[in-house]
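In what follows, structures are represented as structure tokens.
The same chain A turns up in both complexes below, where it pairs with chain B and then with chain C.
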Partner chain A sequence: MTSSRLVYMAILGKDLRAELRTLQSLPAMTLFAITTFVIFRFGLDRTSLSGSLAAGVLWATLLFAAILGINRLFVAEREEGGFDAIRLAPVDRTTVFAAKASALLVYLVALELVVVPVFAVFFLDSAAALLPLTLVLLLADLGLAATGTLISSMAVNSSARDLLTPLVLLPLVVPLMIAASGASEPLLALGGPGYHRFGTWLAVLGLYDLIFLLVGYAVFDFLLED
Partner chain B sequence: MYGKGLRPLSIATVAALVAALSLVFFYVPLDADQGFIQKIFYLHVPLAIVALVGFVVGGVFAILHLRSGDSRWDAYSYVSIHMSVIFGVAVLITGSIWAKASWGHWWVWDEPTLVSFLIVFLMYATYYPFRYAIEDRERQARYASVFAITAGAFVPLNFMAVRMAESLVHPRTFGTANGGLPGEMMFTFLISLVAIGLLWTTLVKFELTAKSASGQLKRLRRALDVPTPGGSSRVAPEVS
Partner chain C sequence: MSQPVVAVAGLRRDFGERTALDGVGFELGAGESLVVLGPNGAGKTTLLRILATLLRPGSGEVRVLGAHLPGEAWKARGRIGFLGHEALLYRDLNGRENLRFHADLHGLRGEAAEARITELLTAVGMERRAGQRVAELSAGMRQRLAVCRCVLHDPELLLLDEPDSNLDAEGRELARELIGPGAGRTRVLVTHDPDRALPDADQVLRLGAGGKVAVA
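Now for the complex of A and B:
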């Protein structure tokens, strides 16, 4: 095992262990998402959703729930001196980016494992769309993890903190949301899932992930310098 | 030292603007379809192109800043983005006027160029609260550069995604690469583009000069032990 993989496993393990013991982010994200579904049920006055409305409700809810987690991602590093420790340690900073993004990815997948079935039970007539939807969810999570880690690590060191994350992140993920809801809309359509332009949207999602993982990889060094 | 060449540049800008506007009003023929209102095209499109190029230029300066650690590049990047955001406001306003006149609505969601420009504008509008929320000057400069690079990568991606989201039922008012423009219109358009580009460059240079002058003044005051009047801007980057 090379040293950077060791560092990666150590940071990722630390994050997941801390989350399992304190349960700070995930329960809050899940609860937030489910409550938001209830609000949408009354706000839209619909008992079942399909097509673009279903895609919109799902992605808006997931995005805002994700922002809760993204806000907390680096709080422990800041408050408990983790940033100083990482700066002192002779480790590659991009490994830190990879580990943190992976931790966020795990949070998002865990969130969706609970929330998406709940969404299906609440609003969908059939669960047939869930299987192809996982592909869209995974690709979108990867993009959210890359941009979220980047923005969160900057916002946590500013004086505005959790105000800044949604402010900067929302415009940044607009292309991601366009592609994700574009792919989900025919999947969630009434009368069984459709695959209109499914491959194209997946390609856009993949491109977004690739670009922002590369950007994060390239610039993360400068965010931990001091 | 930033003031060098500012005067000839300003004169060239004024001359180019006058030339462009005279061409727009006295030379170029009226559009057969849209008539007089189409003339806003010679203002709107160059503004949009220059603003977008300015955002990308800001990103390139940010890369130079991160690579060299020279805070001068950060000031360049800041001023480029600053000026492009101001141009962006003008783009949105002129675009709205044109949309009202030619489509009957102030805002048209089906037009991908409009929507993607709005998203890019919103993205860069968060540059200010983002930058000013970081107190430490050096860290502020570094983070702002990271933001500028990230947003620079976001611009083309966003245009692609928005364009794909629309079904393209709306007719394009002008073909891509101006393929549909007759010679006179193309000529006027190019002169307008040059004029607006010069305007952007002059304003950027002007702001850098002003920043450098106030930085020098502050240093002189400090050297002579004269108290600096008022709370000087802690937010904008300084130029030495």
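Now for the complex of A and C:
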């Protein structure tokens, strides 16, 4: 069996190199998110948002932008024979799950590095919430990466993958979105960040991450078989 | 004969209502070549994908390199070189990056891996084109890279599905050095060109319609 670390680095490095070279996912995700903020700004006719409305706008936009990347996560594996190459090699399949989820996590973090400051410029009166918001973003990204990798690996074999991914993914991430919005709401409150039930929502996010990382670890081997 | 490298008995595989293979059986010893012939849709590619552990057998007995399939597929993986209709190369990586990726998957690393990659690229005449993205290469050049990918990890068993496809005369000769009978590996070769393949064959398997063995 090939060293898991070597396989992990090979798959993650391959994905990031291909994305840097072709820019197929990240620019589309970023453009989608920024355009959505513009639509919200004019649609709501508000120059400032706070509390639950701000949290809702942020998380709905990030989720739908993430789906663009999730849809493409396994396309090269499916269309260029990557699945066969991996199945022919003596590798632990859970390492493949870890590498693909890590690649998606990198895309999400890169997306947020650009679009969260844009969100702050568009809708927030101060940037004080951004630092504590980072923790919420990271925990939510981890859950999205785990769930998205699982669903993407299943949907990619269907000709209707663009339809299938959101249909299956969205119900699964409802708890994640509730917890992320719940944790973000006090941070984005009018008058500056608050921390009411912040810890509780972070614990829910952590629990969600743990569950879906374990599910991925348990079932990914079977998902790669014919 | 010592323990066969490949032993198949009563193999059947269905895809829904359609039977791809039915009652296929043969044994292949170390260093031997089996040529599989048959019309389109006779199940030749399905047979190779089952032997490569990429498809599960429906029923029957399949043993590859001592591993019972599908339960012990992990024992055979990494010891098989598979050259199918797809090159298994990423279009957005160059040739050398692709081979390095496959070397990593098979646990080859460092200078030994680089030396092996250079040796194979030179053997198929691709050392000067190895820095080009696969998407920019002709089908023949991709096939040369696929031959390198297939033997990169020095497999004991080669499963070759029309390995000459897209190769010019020079490419066929260069590839033959790596995947031909002279390379000393056990081979299962699917071909539509019996004139070239049969002189090297130790056994011939003819598949007919519905994946039945026509003449063994």
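By our rule, the second predicted complex is superposed on the first by the 224 of 226 C-alpha atoms of A that agree within 3 Å, B and C clash if a C-alpha of one lies under 4 Å from a C-alpha of the other, contacts with A are read in each partner's own complex, and residues count from 1 in each chain.
The rule we apply is simple: a residue touches a chain if its C-beta (ideal position, glycine included) is under 8 Å from a C-beta of that chain, and two chains touch if they have at least 3 such contacts.
As the structure is a prediction and not an experimental result, all values here were calculated from the model.
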Could you classify chain B and chain C on chain A, in the superposed arrangement, as clash or fit? fit
Quick check for you: in the superposed arrangement, does A:137 touch first (chain B), second (chain C), both or neither? neither
Considering only touches as defined above, state whether A:3 meets chain B (first), chain C (second), both or neither. second
Partner touching more residues of chain A, chain B vs chain C, is chain B
Spatial angle chain C-chain A-chain B, Cα centroids [nearest 10 degrees]: 90
So, A:225: does it touch chain B (first), chain C (second), both, or neither? both
Of the two partner chains, chain B (first) and chain C (second), which one does A:183 touch, if any: first, second, both, or neither? neither
State whether A:157 touches chain B only (first), chain C only (second), both chains, or neither. first
Please state the minimum Cα-Cα separation between chain B and chain C in the superposed model, rounded to the nearest whole Å. 7
Where on chain A do the contacts with chain B and the contacts with chain C coincide? 225-226
Would you tell me which residues of chain A are touching chain C in their complex? 1-3, 6-7, 9-10, 14, 17-18, 21-22, 76, 80-82, 84-91, 225-226
In their shared complex, chain A is touched by residues of chain C numbered 52-56, 74, 77-78, 80, 82, 84, 86-93, 97, 101-102, 104-107, 109, 133
List the residues on chain B that touch chain A in their complex, please. 66, 119, 122-123, 126, 129-130, 133-135, 139, 142-143, 145-147, 149-151, 153-154, 157-158, 160-162, 164-165
In the complex, go through chain A and note every residue touching chain B. 147, 150, 154-155, 157-160, 163-164, 167-168, 171-172, 174-175, 178-179, 182, 200-201, 204, 207-208, 211-212, 215, 218-219, 222-223, 225-226
